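Structures for review follow.
You will see two complexes here that share chain A, one where it goes with chain B and one where it goes with chain C.
After this line comes the complex of A and B, so read on.
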């Protein structure tokens, strides 16, 4: 058995497969808040707290994302109102701050804390997770092409890889910039990193990753903090998300960290803190 | 196979005897006895007094359990005891009892993780197959899900446990510890009407309770009868805030936090079943709130009553026997106990 002095290393938690298909309950059970009509809202996802829809706002030509926090029936109504208001405002404030400081996030179009809704700019494009999954999916064929070593295919491969590495550098810079302005995301996964693409992201001929900007989304757990610990945990969560995709994504994440390290003044000490966080997992072992 | 289980990680001494007739059949409970050390109002239980209590009752309880179960010493396959986590002195007292029985009767020992005991017993009683587990008691607050042979901790209390928060508040307002401080708070809370603002501290899937306790203690000082009426805390409608209101507010706040972190874990792993175990899991308001949340997600909640929620010997016997059936025993020289023993340190060989 593990003694107190030499605890057995605990394997980190692997994110499990998300439930497939449309979530049960959730979207069907709640009526939308006042200005939004069910016909104009297409469910996107159900998080722990919010229901997310694709809709339009003010004009039918303005695509938008509606993030609705329905009242929780288990919570005392007073407490529920207080929490919904505090969280919604905190999220909106962080987004506005990011926007002001030039971090690429969806713009806040409207909010109503009584109604529990927040309307954000619709970001076209795919997630970094989607890009990575697509790349992992093609890995076997890419390595075959590498063996055949025809000149044209060899060049195409390096072009794709170069685009992928450029994407990683963008991720590193985006996260570095976010931390620099004193915001920690709180749930930094590859699904919460989007690559802006004005045209709908489709399987293009070249297999090149989209070349747009990185947009950070879902600031529901974000905090305004400049602590190395919080920043390092952010990076650790992102590292786990990369590792869960494929072992081959490991060097890609190193590129993210390398760029992050040069992106702002305090970044080097965050990377040192990350070493500690890696050893113990995201939880401090202060259990009594 | 039949196992005897000894539990004494906190102020309850439990002795249980369980039989696993066949892997395909449910376990049979032959005996489940418990004796609780109750401290006077306004005081907690001290390790040395609790250990003394366990020492003086363990022989009696084992004899009674053997008699009630109608089993002979030869029928037993192993002696299971709580290895940890828990209070040092009480754990040691029970570990000594287990070692003595093992040598006396020539039976193998099995050291059991207390948290895994709670989870396995909850699963066995309710028949929940692969739930997200909320384990809430005086010493532990964890949100757990099973994944590749480990019970993984997804969220936990960052400082004191939720039960500890409730128990210590019971001490502050000087309500009896009999039968349990948490039970008495629950009864008072049923009469509370006004919700008083308390801090609400959820960080992702983790929660913190020490600040809430400190705030509740401060509020409790402001409702004392000795204060002149104009200085006492008033609710929004101008009426005086009562003890009942504070119990109600404390419960509403901390349970909302527990349900929220559980919901987050459920969304994360994509499960719709939730199992509540541990002493605080008896609380009917918590069960009700959890039920409302689960219904909203199209799922269901499983909970047990005080016989299996509150620390007991049968869960140690059950989890120990499951491990014993996979060939795990604890050698006499390794039969130590430990105050820190994380749930995810246990290799769960008996589940796929």
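After this line comes the complex of A and C, so read on.
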């Protein structure tokens, strides 16, 4: 039973703190590129590089996400324009490539490289991070109801756990498909994995995670590569994101890897490389 | 009088977009000659309807044409020629007109007129004059594009569009080469298979138009 003693579920998405080097008095939320108007743009996040808004595009019935990279006053204007354009283009190219080849990502609806903006299809739903956080918050409650805290092999899974495991298999397949077409994400965290849900994922009564497709978002750091190393680093970043959620999420990530391993021809060798990447990661953290 | 539907891009409310559709057009060659001669009364984008998937497939190039035209960055003379140019994936103007514009033997056409380049308050007059003018000059059956433009893709030849935007997946890391976008024919979520295919194709086409020439 949920009770008032339980903490509020944390927001699935936390805006990034701007780095300390960010210039003061820079862009505020009202500085939008033409022809976008503040009235129609609801701020979603304000990252280090991009401002992200929820808005609509082409018709009032087409919900969209506006990613705007405002000019950086501390950079030379010509260089700044060129960098902004190159990054937006790279992101849009990878998204269109994915969409062309059937990998589930937001569609590109429009852009103006000179203006510094990109408009994407709005994905209704929540992030995998939100789903995991919701589950972690209910862990004490779940164990009181007679489920053990960790998902052990022998025990029969509850309906919620079964849905969660199915979600993990979808994550494994989605990442596998992405790598298979020659794209590495570059920032594969659980916040950048969305679960499509047209009815907007909320803390629903059943606590079941939404059953929609996985949509990969945020391709600002993506590269076109088929190197085992790059692929393994993607998996390592995702592993760290799972570990940061809760120790109990470890078996869930194993299910992601298991599914990934069977999802395309080169996947097994990526999993072997992942072990090297882990070792290096550990050494680095011991030094640091 | 031809049936004209009026649309508004949320970001360009003062530039209404008038759209008319015609079937069994008999005088496409004449209409095209008027465009070529630069007859000022023929300030339209005349499109071959077989190349247009949906309302958004017109609205995105219209948005881009307006955005570039109003900021002095257009590559062609008028907002209407820019619209046709923006439809094409490459930077070849002549090619754009050949592929998406009306041809001498086009039977099904879409006429697009972007209004607003005139004094305020002339809106209604423009709609009526577009309707009258098109009704007079186009020899063909005026059809209704639908209030939300939902009938705009009815004459589309999907295979042709797939070819023009190269919607077969190309070389990638994957082994699924030659897979066609939007060719599943499966019905999902109560949405008919064809409607779903069209939506999926549209989502790639809008991206390709955005990336045009870059």
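Operating definition for what follows: the second predicted complex is superposed on the first by the 241 of 288 C-alpha atoms of A that agree within 3 Å, B and C clash if a C-alpha of one lies under 4 Å from a C-alpha of the other, contacts with A are read in each partner's own complex, and residues count from 1 in each chain.
Here is the rule we use: a contact is a pair of C-beta atoms (placed from the backbone, for glycine too) under 8 Å apart; a residue touches a chain by one contact, two chains touch by 3 or more.
Keep in mind that this is a model prediction, so the values were computed, not measured.
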In the superposed arrangement, does A:48 touch chain B (first), chain C (second), both or neither? first
Return first, second, both or neither, reflecting whether A:182 touches chain B, chain C, both chains, or no partner chain. second
When the two structures are overlaid on chain A, which partner does A:72 contact: first (chain B), second (chain C), both, or neither? first
Partner chain in contact with A:101 - chain B first, chain C second, else both or neither: second
Which partner does A:221 contact after superposing on A: first (chain B), second (chain C), both, neither? first
Considering only the defined contacts, which chain A positions touch chain C in the complex? 34-37, 40, 56-62, 89, 92-93, 95-97, 99-102, 107-114, 121, 177, 179-183, 226, 264-266
Show me the residue ranges of chain C that touch chain A in the complex, using the header's touch definition. 7, 9-12, 55-56, 59-60, 63-64, 67, 71, 73, 148, 167, 169-170, 172-176, 179, 181, 203-204, 206-208, 210-211, 214
Residue positions on chain B within touch of chain A in the complex are 83, 85, 111, 139, 145, 147-148, 150, 152-154, 156, 158-159, 195, 197, 200, 204, 206, 252-253, 256, 259-260, 263-264, 266-270, 272, 288-290, 292-293, 295-298, 334, 336, 338-340, 342, 344-345
Touching residues on chain A, where the partner in the complex is chain B: 1-2, 4, 7-8, 10-11, 13-19, 23-26, 29, 46-48, 72-76, 78-79, 82-83, 186-187, 221, 283-284, 286-288
